[in-house]
Structures are given as structure tokens and as C-alpha cells.
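Below, chain A partners chain B and then partners chain C, in two separate complexes.
Moving on to the complex of A and B:
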């Protein structure tokens, strides 16, 4: 892996080092636990793992609150995210230590166990998306667009294209109807962009070359404008396709995170009261 | 009727300021805009020109009658108009007690790639936040860079001068983009010919007599103080400086105009007074950009210092309109013989320039980047918000952070030019030469007294669009207030129109934590850069 790749994946080495140290401490602690005592969620060792995991979870949840209070100076968001990320990973490790790496017993414990792993897993999946998609977006596209504005931008392109076509010859009009109009109707989701960010744009532009020799100089100019618009639209499709999982991923993570918080509160109540 | 281009529309809109009919009702009694050639010929200045040329000048000229005690411009304001007094008297004065006004550099050494050690600088000083870094950019004594002071009248502090018919004023600030160092008021009812910068440039190019007059005024009003306040010439005795003032040639260049051609004989040293100069060198069959000069930059140091240099080592072209001071080889030799200290200043500059150009020749991406930086105006910015798209997850927290900090309305748009992996957002650059300040009728947009921050005072802004139209980077937006100006509003140009407010980034300069956009970014990919070296360091290969 090259140096740049490492920078992409480990954005703040200090936090990564801290995480590695904490993870090592956990492993060593667990080994000592095995040597000196039984692994049990109800004894001092198990309670300690559970308490630290709960505190980490609480810290992680605070990030959601912080994002809604950006006007207040509560430290750099990037530091909060690093805590959220590494704290979340440690949380899962501590939950597994808390249960002694055994499958839980009882419906409540099963739900807690599954949700803990799901939330951590979906978080790590999100991190992977966040590291991977920006790289491909910036690698082969000349256009940058805000996801929410893509439908408006496409509509704007369509309007301009139709104005150009309205004043053109029949050849250009027919070409537009057959080749371009459909693509300009709306943003299109195309999974191919995940594999190739250009999505075969070059190939899709080839028909412009076939029709170009048939046109006058003025019409060629119009065709070039249409070609540029078509290219921009295809790049917007790439943004539309690739930015979508960056947003939708949150639906697999956030609601279940809050469900987990509620279950942990119930779990604490059950443990402390009964 | 032909449709106006975007540039033409901007041009028309730009003249909606206090010196146009838009400002009628404030100090202007009458104003004649776009005067015909016949009207212009009533004034001596225009008599020598034909109709065609005068028609070309006309959109940028107006003849205004101002009432007594009207404020034409204030100290520190930026203007794009020069005034020729036809009748009446104008009082120019230094009103504010500003400490060391004459020593204030208009050139900031940290903005050059060759500042200090000569190498590319790290993106931020250790232990400093970006914000502190912006503020901390102050010149250092003994720097190899020449400073040109922002002075256009050699007035003593709290001094007053009266100007009368036939005199021109405001031209230095207008042509160089410097803030005015004086306040100008009418001390009687006055008739003034108001000449906007485009017309002033055309006139100066066409009329040898006007060029001579403007140069004379510049020598009288500014040059001595400027030279006196440069590290390069500051140590020279006054008598030598005064003789230099007479001998220095003042050169004005149009965009792309050649100042020096590589290989041709070099017989002079140039100091950049305003604008940017692109320096390139021949490589193979073409030219590559190897460096650039901004205010205070020196051209010719390498050529004149190093024995055996056959001619210009660089080709130098004016990037935009630029103003230079030209010193002949003979005059430079005289100075060097009498003041050896000057030579060491020049050597520093020359060595740094050679290092930089050598680096650009070795690493062609550096050259390509310099070209882009000049083309996109990055060289102007003191604090440009850039986003690393390789890392950005498009979460928009930077925009939300900005909005939350500014009453729910963001002051920038996460869109703009893409340069490799970096997005240059449409957030205020806090430019070195903030053209948005030119012509603000109320002084609402101004330099905050912190670093290079340009801010807008909402209480003073009247929503005239002047700043938004002037900004080359579309970084100022107009917000509707939902109200309408009353029918008796002054200036009259507003009557019945919707009240608006200009809005732009203020760098959150009152917040010690720094800009909200940067601190809200969860992935650390939003950065404020203060010079092209910092920008370059963020580019990924």
C-alpha cells in the first residue's frame, strides 16, 4: 500500500495510534482476566468491560448531538469523528469481552448483541464508503456537484439543450431526439459508475463524431455545445449514483444506533435494579 | 437590441455607486453620464481626441456638480475613479490619527512563494491555528522583499491640502488598487470630471501629455515616500532618493504585455507597484511558467547582479493591468556603489527567484500549477477555502457550520473551480487587492482591523450590489430582506426597489476558534490557504 493510500485510510495517525494502544490494553487485560478469574459479565471484570463500553457508546452518541450544535465551539469536528470511529470499534471489542466471546442467552441480550455488532459493522461499512467513494469521485470527473442540486442542474442542462436544438436543422433535432433527449430527462442511477467512474462516457459520446461531418460550421458549433452538455450530464449521473450511498448508508447506522442506546438503558436498568 | 453579455451587464452595474446618478441626492447636485464627444471637448483634457476615441471613453466618464462639504471618498476607501477639478475646490486631508501610516506595507511578504527561506513553505506554522496564521502574517524587518507603502499624498499626519481647477486626484489609488490615504471633501460647490479606471487607462495610453501629468503627480505625491519605506531603498540618503524619484521611469502595462523577453539585453531593474507579473522560461520548444511577481516584487535582480548574464533570464508578462517602476542599470550601479547594503537585499531576492524557477523547471507540475494559480486568481487570495475532494464525503457540514454561525444563512457555496483533487469554493478569498471594496457607497464593506479579513457591516450595507458585481470570484451574494425602499429614499436609485443585503464570508474573525467551515469539517478536508505554496502542498500527485 502506498503512502498516499495510508493517508487516505488513516487520516489522523495520532488517533490511530491511540486506538491501537487501547486495543492492546484490552487484549492484555482480557488475557490477565482469563488467567486470574472467570470470564463472566456479572463479575468485576465483566462489569468493567460493560461500563467502559457504555461510556464509549455515550461518547459516540454525543457526536450526533455535536453535529446539531455546530455554532458552538465544542472542538474540531474531525477530532469528534475520530473518537466516534475508534471509540465505536473499541465498543464492539469490549461488548465481546463483556460476553466472554460467547453467544448471549435471552431475547434482550440477543438483541443487544446483534445491534452492537450491526451498528459497529454498519459504521465500519460507512467508513469504507467514505474513504473509497470520494477517491473515485475526484479521480475521473471534471464536474463537482451538490447531491441535492443534481436534479435542478440536469433540468437546467435540458432547458439549455432544448433551446439550442430548437434553432437547429432537422439533422441535429433528430440526433438530439434519438441520442440525447432521453439521457437529459432526469438524473440516472447507473451501477456501472461503482466499477468505472467514467461509466463509458467516451463511448457514449461517439455518436457525436458520426453526425459531425454532416453539419455546417454553425451546426457543428451547436453540436459541440450539446456534446459538452451531454458529457456534463453523464458526469452528474456519476455523482448522483456515487453520492447516494454516502447518504443512504446513514439509514443503516443511525436509527439502529438509537435503538441500541434505548436497549442499553433498559439493560442497565435491569442489571442495576434487579 | 443586442443582448448584453455578462461582462457588459457587470460593467453597467458597477457604476451604480456614489459617483454616479445612482448616488444622486447624497452629494451630487447634477450629473451628466456618458457625455457626447461635443460635451467632452469643452474640457481641455479631451480636446486632442477624435470622436471615435471619445465615444469609446464616454461610458466611463461623467461630469458631476457636487454641493459644498460633500464627501468624495474617505481615508482607507478603495475607488475606481479619478477626479479632474473643473470648478471649485477640494480639500484633501489625513483625518484619522493612524500610527505609522506611511510605513504600512501594501505588500505582504508571506504571500510570495519565495518569502523567507526560499523553499516551499509548510501549510501552517507549528502550534498555530489557521486563523492565527492568517493574522500573524506580518512583514519582518530585514526581509528581502521590497515593500511599497500605501501612500498617495505626501501629507504630514493631520495635514490638509487644497486642490483647485485643473488638478487631478484619486488617480493613484484608482490605477493601482490601493486604498486612499486621504479623505477628499468638496470645500465649495464643485464641478468635477469623473474618469473611471478603464477610461483613465485609455487616456493615459493615448495622451503623452496626460501620461506625463499623471507621472509627475505620482512622483510628487507618492514615489518618494514609497521608496523611503522600502527595505531596498530605505537606507539611501534623502538627496539620492530625491534624485531617484526624478530618474525612475513609471511603466504601466496592459494584460499580457511583455515586460522582458528571455535572451534580450537587460538594462533595467523593475519594481512591481501593482498587479502581477508572470515569469516564464524557455523549455524545449515552448515556455513554462516558473514564477510570478506581485506588489513589491523585483524583476532584473538576477540579470543585473550575476556577471556574465547575457540578457533577461526570464520572459516577463503582465498578468493583468500592472504598474511598475523602472530603474536603469546605470542608476542601479550608482546606488550599489554608494550603498552596499542594497546589494545584499537584491542578492537574497535573486537567489530565492533562482531556487524557485529551478524547482519549477525540474517539477513541471509546479509550473502547471503556477499557471493555473495565476489564471484562477489564487495568487490574490489571503484566505481561500479549499476542500480536498479525495477526502470530502459531501456531508455539507462545512456549509451547515457556516450557516449555524451566521444566523442560518451560509456565507459561501460549496461549488467552484476544481483543481486536481481540490475544490476552490465560492467563499471570499479575502484578496490582497480587494476590488469588492471599490465604490462601496457607505463603506459597509471594508478591511476589518484583523489580518486581511474583509467584512461587511450589515448596519451600513444598503444592498446596492456594487461589491457583488465587482467580485471576480462570485463570492458575495445578495440576500433579500423582504422590505422595499420608500419612495423618498436617498440615493434616488433605490426608490421602490427591494431592500437587499450583501453577504460574504467574514472568516469568523471574532471567534477565537477560527472559521466555522474548517472546524465543522468532520474529515479535516476543508482548509484555508493563504498563499499558493500552501495550496500546492495540498495537491495530491
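Moving on to the complex of A and C:
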């Protein structure tokens, strides 16, 4: 029987092993808790779960701070990411242990519980996106682009295309106006890229073949340049479409994490005061 | 020559070359928007929390509705919570049991951890021991919703301190059986003989009567069916004992000129003295006393015969000196053993209360003086009884022998007291010119509650009460072991194995709260009150 190669499945096997060990410790601890005492957020068992969960959450928050302090050498970014991922997952487990796997009572506790699970769930969803989207982007596209630079890149393509078209014949100008100009006006979102990363680019380039026989050799060269720019733009659209969830996913994760952090602080305050 | 770097300039650190970085790409506008959204969201939450704390009375931070009993305090956190101190027991005691209250419904007294009423002993650390107390809120958890029953306790509330494991395997044997403790009865009584007598009488009426019917002749159930009423001489014994023919021996009459000489006061002497608690003497038939120069004979003799009791009291006062005129009131003996101080106090308090109750309606000044003395002693005794056993001084009640008496005079007086109480000696014991008190309450297990009513449907009395082999002796004629066990000092109670025949996992309940109660409540005060009185 061959040994399981964790590297096939996870980025950092050491972190995964550590996470698995911590999870096992949590489960065993919880089983002991059930046997020797009641499961209650207010007793020493429950408060221990809550405290460890809070510490993990604090560590996860530090990852965001670390990202903003690039000038300081605060350790390997990959280690921070791994802690953020596995620590976050463990955080959710400990929150559930803290509440005894029961539904919470009270408005604040409900918010804490929902946000904890939401933030963890959205984080795991983000991990999934980050494993899936870059893979399909690199598999079928010839260009790479930063999401935030795509509008600038498209504008640059449009300028260059318009310069080429300006010195061309009427046939090329008409073709450009009818077929290409609209597409170059701005990055376009097309859901088809999620199913097929090429998104029918070849199909969209066919009109170039129809017009090419009607042109002179010089005009053909210009058309080829336009065709190449159009292809690049369509690939940028694919990037624009597929990278968008990577950005918008953060909106489901980060702002609510802020709310969660402040709620945890207020929860601690309420527990200590009352 | 390379240009020196401007230290204030923003640089990336993606590699040793420290290339300039476009900040807008590393932290794009979208990212900033996200941070701002998160900040605003967090700010709203924090703002709402503080508005709620100040104006809306913490409804947001409340971890759930209060139980119905406390619902009126829903918006008054400070009713139960101390700032930075949690829900303290002192706050609970504001409405519930006050410190040192001993008889209330919510008394701490039932559970030894709660007996001290000393909130300073509360130990919230994980390393607490069984001697430490816990906050009320450790077990009674609030904010579990309106319908939550915060008085229903799971075993898990008990096991952190009482780690006995399962009832079936690990629960300790009952103390009386584990330590082979005798019943502290001072009576002379045989169950087999008495049960046979009653059973034979019952059989004449109904030949198929159950043997247990004979038990119930004396052991009469309380109205709730849980326990039994104290035995009553008139109801259960008087048919056969102390009949009209019972009389005292001929007893010498005391000589006021020689108080050390053993003797009794006649009815006339008692009437003449008019001491406290002697009103009975004016309503007693003088024909019951045959007075002659050789002495006096009293017939018939009653249970708690006032003439005998009064004379025993006088003998006791002579034995222990005039300064202890109340000595006869107390059942405390000189032979009281170390370690039984709390029990001695409980008995003394009980005797004082009983005696004082009999004097309250008496207007005579001397009676009222004695009553004042008794009341002050009672107060001191009740206060002292809250102390630990080691710290309890017995000097309050422990009487010392009269130093003016010689040893032979003391012996003569004690022998005479035994002659005086001769009709009583069939059942009672006399010591130090006093009849040793009889514990009328029959319950032994003070920390647990047992309801007979729930059990008699499935078992008969003698299925469980086998310490004295009554069934074996009366139905089978086998008297093996009867001589050794048939005495009042035998605890005729089942051991824990008997309970385990029915109680256990997947059978009848084996939860701690099935038998044990932390605090007395209206339905379970009998045993718990007993626990207070006995300790």
C-alpha cells in the first residue's frame, strides 16, 4: 500500500498535521469534558474553549495587520497565511465547543455565533476560490493581469487600436466600429468564463477571417494587430470575470470580521463586568 | 555609483532589490473601501452596545431571558450582578435565605457546603476542594429562557466535587452501614416480640393478614406517605404498659434538713414549694399517693409522670449543685463523649425549647424569671450551635457534680433516682438522676430523602428492612440471629445494595437529585430540618 502524499492535497503538510493534531486534542478534551463535567460556556471548561478561541481569533487578526506592515520582517507570509487558515478553522470548532454545540441565547450571543460561523465559512469559501480560479486562469489563457490594472490595460489597448484604425481604410474602420470598438470600450463581465475559460474567444475572432480576404497586404497586417489586441482584451475579460469573485469574496469576509472582533471584545467586557 | 535611498520613500520588500511599489496596486481602492466598510460596521455594533448598556438596559448583551421567577429583574442587571464580580451569592441572599437563617425554605443549611453562611469561603478557582463553598450561580444558572427550570440539577452539577462515579458501582455505602453505627436509641425494645404480639392479635381478626400490617400498627405514615410519624406512647404502648396497677416502690420522703439524703417530695411538699413547672401538682389526685411514715408510693404511674420527673429534677439539682437549678432540664450527661458536642447542643436546645414552651403561659414571677434564664441560655446555645464541633464549648450545659457531696452520697442519690424511676426502666435508661432522652424521629439518613410512598407499591416493609429478621422469626420460626440483632440500637435499614436492585442505569432513576436535595423546599423539609437539628 502506497503512502499518502499530503503534498498532493495541501500546501503545507506540516501545518495541516498540526491542525489535525489540535483538532484531535479538542475532540478528546471535549469528550473528557462531557464525561467529568457539564458543557457550559460559563464553567472552566467552557471558558477555556472561549479563551483559546479568542486567542486564535487575535492571531488571525494579526495576519491582516501583518499584510499592512510589509516593511517589517515579521516572518514568512506563507506561515501567516497557514496560521490564518487553520487557526480560523480551529476558532470555529472552539466556538462550537464553547457553546456546547447548542444554539446560543441572547441577541449578542446569536450575533457572535452567526458571525463566527459566517466568517469562518466565508474564509473556507475563499480558500476554495483561491485554489480553483488561479488554476483555471493559468490553464487556458496566455496573458496574466492584476485585477485592478485591467481597466488601464483595456484603455491602453483601445488607444493603440484606435491609432491603428485611424490610418486604415474605410473597410477596416467600419469593421472596427461594428465588431471591435464596443468590446474595447471597457472590461466586460461574462459568466461563461466560469464554465469555459476560453469563453468562445475563437468564435469571436472569426469575423476577422471574413474581412481579411477583402484587404490589401498592408491592411491585413493592421487587421492582424487589431486581432491580437482583441484577443488580449477578451482574455483580460476572462481575468476580469474570474478575478472578481476573488475580490468580492473578501467583502463577505473582511468587514464582518471587523464586526466579529468588536463583538468578541464587547462579549469579553460583558462577561467580565457581569 | 548607486543613488542613496530615501528612507521616507515607500518601498516594497518583495526581494533584496527593494523595487519601488505602486501602493495603489498593493492596497487598491477596493481594499480600502472594504476596510472602511468593516470599520463602520464595527463602529455601529460598538455604538449600539453602549447605547444599549446606557439606555436600553443591556437587553442586547443579555445572554438570554431570565427565568420566569426572576423575569421582573430583566432590565435591572444590578439586582443580581456586582460590577466585575458576577452574580454573587450575596445578591441572591438579598431576597432568598439570609445568612444563618436555619429554617427557611431556601436555607443553605441542608448542604454542608452552604451551612456556614460565610461568603468568604467561596472559592471560584478550578482547584477548589469540597470544603470550599460555591456561588449559587455555579449550579443555578440563569438566562436560560423564561421556561427554564433553574432548580433542576443534573448529576454533572454534583460530580465536580462529589466524584463518586456511577450510583451502581461507586456510590459510598450509607454511613450507618459503612461505619456500623448503632442507632442512638436509649430505649430497650425488641421488634420480634412486639410484632408477634400485634400480629397474633391481628390474625384473630383476619387470619390471612400480612405480617407487615403489624409493622403499621406502630409505624404510622405521615399524611404525605413519605415518612412515619414519631411513635407515641399513648397510642402504641399504653395498652399494655403503665397500666392502672403500675406503681413506684416505697420511696423515702426527703428531709429538708438533710438535702444530701436520698428522698422524694410528696405532692403536698411540691404544692407548698410552688417551684417552676409545678402547676400540675394542684390538679393531681392526692389519692394516687400512699404516704406513710416509711415513705410514699405513687400509683398509677403515667408516661412522663410529672411527680417522678419533678423528683428526678430535684435529685439532679442535689447531685449537681444548687447553681445548676436547670440541670434537670438538660439531657446532657457528664459522660458525653468527645465529638458529640453538636448533637449534645441540638438535644439541649430541643429540651430547652420544649420546657420553655410549657412555661410561657405561667404568670408567676419566679416562673418568668426561670423563663428569662432559659431564653437567654437558648439564645446562647443557638448561636453557639453554628460553631464547628471542635470550637463548641460544653460548659454551658455540662454540669459538674456537687462538690459538697461525697462519692458515696452521689452514688446513693443515683441509686435512689433509679428506684424512683423503676416503672420507667422497662424501656428507659436513667443516668445522673435523669431519664436519657428518646430520639422520637426515626430517620437516620439526613442527607438523603426517601419516600416510602413511592416504594411500598413494589415492595413490602420486610423486603427491605431485614436488619432484624422479623419475617424469618415469625413466619418461618427461624430465630437465628434474633438475639443479637433484635434491639433498639440496631439500624433496621437496608444497605445501598438493596437500592441498587432497582435503581441504576436504564432502570429506576439513579440521578443524584433522586435522593439528595441541596436545599430544603416545601416538600422536602423533614429530613433537612433534621439535619440542621442534629448538627
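Definition applied: the second predicted complex is superposed on the first by the 265 of 274 C-alpha atoms of A that agree within 3 Å, B and C clash if a C-alpha of one lies under 4 Å from a C-alpha of the other, contacts with A are read in each partner's own complex, and residues count from 1 in each chain.
Everything that follows uses one rule, which is that a contact is a pair of C-beta atoms (placed from the backbone, for glycine too) under 8 Å apart; a residue touches a chain by one contact, two chains touch by 3 or more.
As the structure is a computational prediction, the values presented were derived from the model and not from experiment.
Colleague: Considering only touches as defined above, state whether A:134 meets chain B (first), chain C (second), both or neither.
Modeller: In the superposition, A:134 contacts chain B only.
Colleague: If you stack the two complexes on chain A, which partner ends up touching A:146: first (chain B), second (chain C), both, or neither?
Modeller: both
Colleague: Under the stated touch criterion, which partner chain does A:70 make contact with: chain B (first), chain C (second), both, or neither?
Modeller: Both chain B and chain C are touched by A:70.
Colleague: A:38 contacts which: chain B (first), chain C (second), both, neither?
Modeller: A:38: touches chain C, not chain B.
Colleague: Determine, under the contact definition given at the top, whether A:272 touches first (chain B), second (chain C), both, or neither.
Modeller: After superposing on A, A:272 lies in contact with chain C but is clear of chain B.
Colleague: Examine A:203 and indicate which partner it touches, taking first as chain B and second as chain C; both and neither are also allowed.
Modeller: Neither: A:203 stays clear of chain B and chain C.
Colleague: Counting touched residues of chain A, say whether chain B or chain C comes out ahead.
Modeller: On the superposition, C touches more of the residues of chain A.
Colleague: Which holds for A:259: it touches chain B only (first), chain C only (second), both, or neither?
Modeller: In the superposed model, A:259 contacts chain C only, not chain B.
Colleague: Under the contact rule defined above, give the chain A residues that sit at the interface with chain B and also at the interface with chain C.
Modeller: 70-71, 73, 146-147
Colleague: Quick check on the complex: what are the chain C residues that touch chain A?
Modeller: 11-13, 24-31, 34-35, 37-39, 41-43, 45-46, 49, 58-65, 77, 81, 83-84, 86-87, 126, 141, 143-145, 154, 156-157, 159-160, 163
Colleague: How about chain A: which of its residues touch chain B in the complex?
Modeller: Interface residues on chain A, with respect to chain B: 4, 8, 11-12, 67, 69-71, 73, 75-78, 80-81, 130, 133-135, 137-138, 142-147, 243, 246.
Colleague: Residue numbers of chain B touching chain A in their complex, please.
Modeller: Listed in rising order, the residues are 389-397, 400-401, 404-405, 414-416, 418, 421, 423, 511-513, 516, 519-524, 540-541.
Colleague: Residue numbers of chain A touching chain C in their complex, please.
Modeller: Residues in contact with chain C: 36-38, 40, 42, 44, 68, 70-71, 73, 104-109, 111, 146-149, 247, 250-251, 254-259, 261-263, 266-267, 270, 272-274.
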